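Both of the next two complexes hold subunit A, though its partner changes from subunit B to subunit C.
Our next item is the complex of A and B:
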């Protein structure tokens, strides 16, 4: 059963030049117990999708969707307080920069204890509750692999190393026993060993607790090591989505192929110091979005038809939107 | 062939913070560090956070003063008396290219500064040099009238590179030049750096966490931990036969990340 089902999510932002579609018909389905990766470069709207899911967008932006449901409940039509309740209980977000998203004036212990929901406390008397909160917090901190819980709970966010902070954020996300964890670029700027620890932790949480994870990142190496399913975004459009293995074996969209080619680790036959293949240009800004397929100006296979937005096509469970996908050459 | 840059027994002790009576905080000590680099070679510095990688880069360009040891360029020891030579020949690309560019002046102004301070070129010659360097890194001459906020990440990185290249240096030191870049832009910058290195015969020293790129473009690797070099050698050797425990862990995790397939 799908947990989160988003169909044709469109977000319009009011700029000086008029309303601009920051997200254009995004489709995203997250099933239970699945690690879903959302890949895209900066400015492709990954973080905006995360914010749209949890409802943290400014009111003046227009969000429309054909369908945006959380386990059958429609998220867009429900009242703000109801939505808040759903998100409090079922969805946790690990934000991009752990140090900036924690309160600098409170110790980490205070912050995690504050988050423990009352229904998890079993003791009847109020004076026992503080101790119980602490117990739950310490348990979680141990679970994410921080050994010295005392030091961690007593310190302020600035006193802690970045990767420990990230683990602590995961512990905080687990406090409310959610069904879905959204990890927004959790491995940014980390070295390999710390990164692989965080990834292992997330996949373990996924296996042990049957949690779904929406993993937002642009680090393909990290993603391909753990995700089951991948959606590629470019400039607010879903470009391709499908099973990780299929996508890596045979990407259909030129952009996905370019992303895969840009990581030298994937290509063992590549001689050292040879030029990497890359797309020309950079991501366009919101003020200067091209019409039709937004990859158009950078795409090596672009033709006349690409000024029309390509419809979503499907090969088995593999969705892509391109007028001239890569597998057409081989015919 | 003599070494382009040669570092011998370089050490550094952080003396700024006064140790209080009861504080257990120890001063950070770097070194001793030894390595050498030939023209046209690429050296990668790998290590955990807080292992002194950035500090080593700063020592190389002269932003920090070493406690002992010396750095020699083409056989000449760099001291405060030949600061000018160092300014010309060892240039740095900073970690955060976005914040290392002055938001208040145009790119032309940013690129003009090193020329004005270090050379005797007149206005016209400087303008010509700026245009030429901008084109060299794949930007247009019109970009000199732009401000920082008008550019994308990749373009900013190109400007940082242009600022480093404008004095025709022999050594380029870069502190995480690819970390903030997106994959497709990152390959562009990697290609650009490799092309420029091939054309100009630069020695290139860079710090990176991305072992895939390190393996791809570097000739030699230094692995640092806790301020010490724990392993150094050719890229192929380090990746295939790592000796130290920490290096083994690093390489194996990297390999595991590549090979791990989800079924």
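Our next item is the complex of A and C:
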């Protein structure tokens, strides 16, 4: 059974020039126990999807979807407090910038203890409950690989290093024993050892606790080793999604291919001194979105038909939306 | 912590020294002879002038004079007023508490009104409530204080007759002076009709307090609103929302503290404006405070009084702002420990 099922999620933002679709018909399905990677350039709307899922968007933005369900419950029609309950119990988010997403005036200990849900506490009196909260917090802090729990709980967010902070955020995400962890670019700006520690931690959490992880990143290298399933995003449109292995072996969309080519470690026979490949141009701003397929102006295979938004097509478990996919050449 | 306190104390001492030096210089900067400015004796005979000059060490070096001036200040010997002939120290001890009392009540009142309203406006950002409060604050912000005070007198004293026109207490009552703060004095006194006196004092207080507080309230409202909007849009509040905390939990556990932290020093700074406004309002309501007294002194060219009065008021302001700053510095964890923890 799928945990999160999103179909045609559209988000419109009111700019001076009128309503702009920041997300255009996004499809995303996350199954139980799966690591799902959401990949795209910066500015492609990855973080906005995360915020739309947890409902942390400003009120003046318009969100519509054909379907947005959490284990069969419709997230869009439920009341704010019901939705909050779902999120509180089942979904946890790890944010890009761990330091900014912690309250600067409270110690880390206070902040993690605040999140311990009441149903995990057995005792009745508040002092016993406080001790229990403390115990749960310490346990989790140890689990994410922070040894000195005392120092960690006593310090303020600005006093500890970024990667420790991110580990702590993972501990905070695990407090409510969620079904799904959404990791929004958790390794941004970290050096390699810290990065691999965080990634290992996430995949271990996935294996040991049967947690699903939605891993949002632009770092293909990091994702490819751990993710089972991948969705590629370009400029607020889902470009292609499918099993990680399949996508790596045979990408159907020119954008996915370009993304894979841009990471040198994926190319097997890369001769020395050959130029690194990348798509020309940059991702368009929200004010100047092209019509039809948004990759159009940058796409090496674009033709006349590309001014119409391509429909989603499917080859087995592999979805793509392109008028001229790569595998047609080979026919 | 001790280091911080020491640093602040150092700063306070230096600032006060500079202030006292300015007040010392004033005797030379007023028009006329320094000796005449200090003593008020314009046409004395030779001997008298010489004796007075020796008293003020006028034939000595400039710095030596300043040194003697400081010594006199610390002795509590602040000179005599030209107009009343009374020692200035006792005059200031009589008038300053009245001003402090008025300003304190006005500050407390404006915080009690301004902070909650600012929070409401900030939380209802871009909604009708926000716009209504904002336009109200623009109104309060742009009304001149003296004009508002006059309007209040016109409306509530002369037309409606609800409140007394001037002074601190009706002439019928006589309260023994202990602290100089009228409400405290009434509480401490053992007069028979205590509650009647208290009500009378409060009725005298209402109009001046309101007319001073109006301006400060609007400023506090605007500062608070700005800060609340910024705080509620910050990443950690959104993150707390995404963690599934209720809006009330977020506001009370994370919002209020973080929104208040940056604005407390700004509010403390408002005390200066408040005191200035209080001085003007004191004149209008004949409040026996330092502002009224200083302005009388200026009218009467009472140079020693101007000199010492200015020093007293500025010392008060400096001490108040510095102590609030120190308090915030000690409370704020973002500033308290700079060293990083290695885990």
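One rule holds in what follows: the second predicted complex is superposed on the first by the 327 of 331 C-alpha atoms of A that agree within 3 Å, B and C clash if a C-alpha of one lies under 4 Å from a C-alpha of the other, contacts with A are read in each partner's own complex, and residues count from 1 in each chain.
Here is the rule we use: a residue touches a chain if its C-beta (ideal position, glycine included) is under 8 Å from a C-beta of that chain, and two chains touch if they have at least 3 such contacts.
Please read these numbers as outputs of a predicted model, since none were measured by experiment.
> Superposed on subunit A, are subunit B and subunit C clashing or fitting side by side?
These partners fit in the superposed model.
> For A:114, is the partner it touches subunit B (first), subunit C (second), both, or none of the two (neither)?
second
> Quick check on the superposed pair: does A:259 touch subunit B, subunit C, both, or neither? Answer first, second, both or neither.
Once the two structures are laid over each other on A, A:259 reaches subunit B alone.
> So, does A:134 touch the first partner subunit B, the second partner subunit C, both, or neither?
So A:134 meets neither subunit B nor subunit C here.
> On the A-aligned overlay, A:32 touches which partner chain: subunit B = first, subunit C = second, or both, or neither?
A:32 sits against neither subunit B nor subunit C.
> When the two structures are overlaid on chain A, which partner does A:161 contact: first (subunit B), second (subunit C), both, or neither?
A:161 sits against subunit B and subunit C alike.
> So in the superposed three-chain picture, is A:89 touching just subunit B, just subunit C, both, or none of them (first/second/both/neither)?
The answer is second: A:89 touches subunit C but not subunit B.
> How many Å separate the nearest C-alpha atoms of subunit B and subunit C in the overlaid structures?
8
> Could you tell me which stretches of subunit A are touched by subunit B in one complex and by subunit C in the other?
Of subunit A, residues 161 contact subunit B in one complex and subunit C in the other.
> What does subunit A use to touch subunit B in their complex?
Of all residues in subunit A, those touching subunit B are 35, 41-42, 161-163, 189-196, 199, 218, 220-222, 224-228, 244-245, 258-259, 261-266, 270, 272-273, 275-280, 282-283, 285.
> Using the touch definition up top, name the residues of subunit B that touch subunit A in the complex.
47-50, 152-155, 179, 182-188, 190-191, 194-195, 209, 211-213, 215-217, 235, 249-250, 253-254, 256-258, 260-263
> Spell out the part of subunit C that touches subunit A in their complex, as residue ranges.
126, 234-236, 238-246, 253-254, 257-258, 261, 332-334, 337, 339-343
> Using the touch definition up top, name the residues of subunit A that touch subunit C in the complex.
Within the complex, subunit A contacts subunit C at residues 51, 54-56, 60, 81, 84-85, 87-89, 91-93, 95, 97, 100-107, 114-115, 146-148, 151-152, 155-156, 158-161, 164, 172, 176.
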